[in-house]
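Here it is, the structure, as structure tokens.
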Amino acid sequence: MSAGTPSTLFRDAALVVGKDLRLEWRSRVITSQVLPFAVLVLVLFAFALDPDRRILGEATPGLFWLAVLFSTLLALQRAFAVEAADGVTDALRLSGLDPAGIFLGKAAGIAVHLLALELVLGVGVTFFYGTTPHGPVLLVATCLAATAGLAAVGSLYGVLSAGMRARDTLLPLLLLPVVAPVLIAATQAFAAAYDRSSGEGWRWFGLLVVFALLYLAIGIFAFETLLEES
Amino acid sequence: MNALLLAAAEADPNEWSYVAAAYALVVGVILLYAIWTIVRGRKVGRQLPPEDRRWM
Amino acid sequence: MEPVVDFRGAVCLLGRFPALAGVDLDVARGEIVLLQGPNGAGKTTVLRACAGLVPVVEGDASVLGVDLRADRRAVRHRVGLLGHASGLYEDLTVADNVRFWARAGRAHDADADAAMARLGLAGRLADVAVARLSAGQRRRTSLAVMVARRPELWLLDEPHAALDQDGRDLVDSLMADAVAAGATVLFASHELDRAQAVAHRTITIAGGTVAVDRSPAGTAAPGAPAPTGAEPAVEPDPEAVVS
Amino acid sequence: MNTTTGGPLEDRETGSGAGLLRVHPDGTASPGSRRFGIVLSVSVVVFLAVALVISPPDSGAGASENAMGEMVRIMYVHVPVANACYLAFFMTALASVMYLWKKTEGWDSLAAASAEVGVVFTALTLATGSIWGKIAWGTWWEWDARLTSTLLMLVVYIGYLALRRAILDPVVRAKRAAIVGLVAFANVPIVHYSVTWWRGLHQEATISRFDPTIDGGKLFALMFGLLLGVALYVWLMIHRFRLQYAEARLESKGLDVALAERRAEAVADRPQAGAPLAAAAQKGTNP
């Protein structure tokens, strides 16, 4: 099914994302492992940066997104270990699912997990670092755009390194420099929202949208090639 | 900042050593890389039948 | 009668190793063909090549009328492959798995439920996570996925392995039903007694080539094409083969 | 082997151009690349003389506060090396696209070779930029937009080379590397914009950039350097590409031999595997 129509594309994407959410519902790996890890990172930042000196409050946007980035790596490894296990990759190739649909489905599943993570981390920084959130519209918009970008590029690199020797060490090396712009843009947008200078923030939001669209497009076109064993 | 630049503009003998280091680094690294490439080429070339070395 | 599988000098590489070193293979619609041969002979690679998973790099190969060298993806959703691996999500239940893969193949939930019932997976087992299943129960789940998807060509790699007596009989009857419904079966097995009782024809693979192609008429001819002009449902004569 | 037309430069430099032109029988050199290499090494010597001795130091003719003095000379290597690294990564991206289109081994080899040469040039760009920064800013590293984005680019392409090492199957490796090669290049402008805006927000003022007053002697040195940088890239690529190509040949070497060996297994296997079947077949013929 190399050339799927838009309707089969979204049907297949919905099927895959439904499967991934059900899988998480049954296994609770993200909920019971990645989520606590993310909160733990917040706590470790506090240990490293001495909570009394107001550094935490000022650095909140950056620490928040750094925690998201680290958690993304774990979530990705989980999301693609599932697809690489026990002949599932072959089954996917034979399934008749549109590869672009699989890509969108995986990305959507990861995005849902990341948004849940960001919600918890958002509460976490307010609670632990004493940061009061401002500019809720910009904050939410930034989260959505950044998450879309992270999920798209993450799915692309996740399948790329799936089933490969040393994939657990390779994935961070490949992914982190590519998502550096997301870290910069999302941090700056958050900082703008916290400082109530949201005009600057929307420019960063624009960059996040461009990033997300670019990698969604690359993923849709490249996933078919990447899904192949040879 | 301007003061810093002005200071740099005076013929500082130290400045020459930085310039020399930069040139030595560039020339040295490219030379080493070239030698390494050629050595690797000979090693691989030895295992390859001559008809596959089409540039000869 | 168009052949379902038509290989001419097909070469497949696994990395740099020629797993298939020039295979000539014909399977007509409605046939049940057994592949046998020693370990590492290339049986699994033949099945995977038929499924469009392994690229054919030399020779000609077509499956269900699709030229594998031109586009090996086009055939995939029309074949079913039961490999050594289960192809199931460990953390999902039996019912989750069968329904997901059935839906992916454009089948309905009703097909999935019927397939689970046929494989004896309805009821309590349906809600058990695959990770908790025994090897035989996983095999049944994989077979249920296959049944639900109703492929035109069944590719089974040692389908009897890990199954109990009941399960083995079930596999045999599934193959017979599939052929009765117009599908074709190509399977590899080491249990020759049972397999030859079901198969219409036995092909011996060795060293990545077809060593013996024993057509139903009983003529042993290395690499000879099967009589494709024959009627689809060739009468098997199990007694003659097994005795 | 071509032993004629040893130019005056070669003769002066070596005494016997003919002897130097003889290439190593196993190596990646050809008479053409050998001649190119000799011209190149002479040019490097001439360039060093021009850049370090002949060209004048920057006196800041226009605005005296911008004078860079001797450190302007770093620019004559830094800019060409940076230029060559962009050229190399552009070539990797181009070859990646061509591989995805044509699916031929040669494009994959070109992409791989160019990425490695590019990484070497990028590392040198960073090193020379950092040395320049030590003089201009007094620190080895400043979170300057260009330095930062170059650093990220270096890490991205180191990842590309690591990916190539992690995959054994040549076809899988070529396909995945091509996509990464493409993504890496698409990422360059995004990194550039994000880092530029990022620094633009926080830097109090743009600290002196590479904008000395360019006049005759300095312009000549810079242009000479740029030309030499491209020529060096081309020469390194000739050897690196041939090496990559030879490795690829070696990997796919002997398909015929492997096929023959594989078929021979069948003959060895036939007595055990085929015999009982043949017996059964005989029974089947005469029921």
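Letters A, B, C and D name the chains as they come in the text, with residue numbers starting at 1 for each one.
One rule holds in what follows: a contact is a pair of C-beta atoms (placed from the backbone, for glycine too) under 8 Å apart; a residue touches a chain by one contact, two chains touch by 3 or more.
Note that this is a predicted model, so its numbers are computed, not measured.
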Chains linked by the largest number of contacting C-beta pairs: B-D
Distance from the mean Cα position of chain D to that of chain B, given in whole angstrom: 13
For chain A paired with chain C, centre-to-centre distance based on mean C-alpha positions, whole Å: 39
Chain centre separation in whole Å, for chain D relative to chain A (CA means): 32
Whole-Å gap separating chain B and chain C, where each centre is the average of the chain's CA atoms: 59
Per-residue overlap in chain A, given as positions that touch at least 2 other chains: 229-230
Residue list for chain C, restricted to those that touch at least two other chains: 55
Residue list for chain B, restricted to those that touch at least two other chains: none
Chain pairs that touch, as defined at the top of this document: A-C, A-D, B-D, C-D
Chain D - residues contacting chain A, complex: 100, 152, 155-156, 158-159, 162-163, 166-169, 171-172, 175-176, 179-180, 182-184, 186-187, 190-191, 193-195, 197-198, 201
Parts of chain D lying in touch with chain B, wherever the complex brings them together: 23-24, 26-30, 33, 44, 48, 51-52, 57, 60, 64-71, 73-74, 77-78, 81, 117, 120, 123-124, 127-128, 131-132, 134-138, 205, 207-208, 232, 235-236, 239-240, 242-243, 246-247, 249-250, 253
Chain C contact footprint on chain A (complex, rising order): 1-2, 12, 15, 19, 22-23, 26-27, 29, 82, 85-88, 90-91, 93-97, 224, 229-230
Chain A contact footprint on chain C (complex, rising order): 51-55, 71, 73-74, 76-77, 79-81, 83-93, 96, 100-101, 103-106, 129, 145
Chain B residues touching chain D - in the complex, by the definition given at the top: 1-2, 4-6, 8-12, 15-16, 18-19, 21-23, 25-27, 29-30, 33-34, 37-38, 40-42, 44-48, 52-53, 55-56
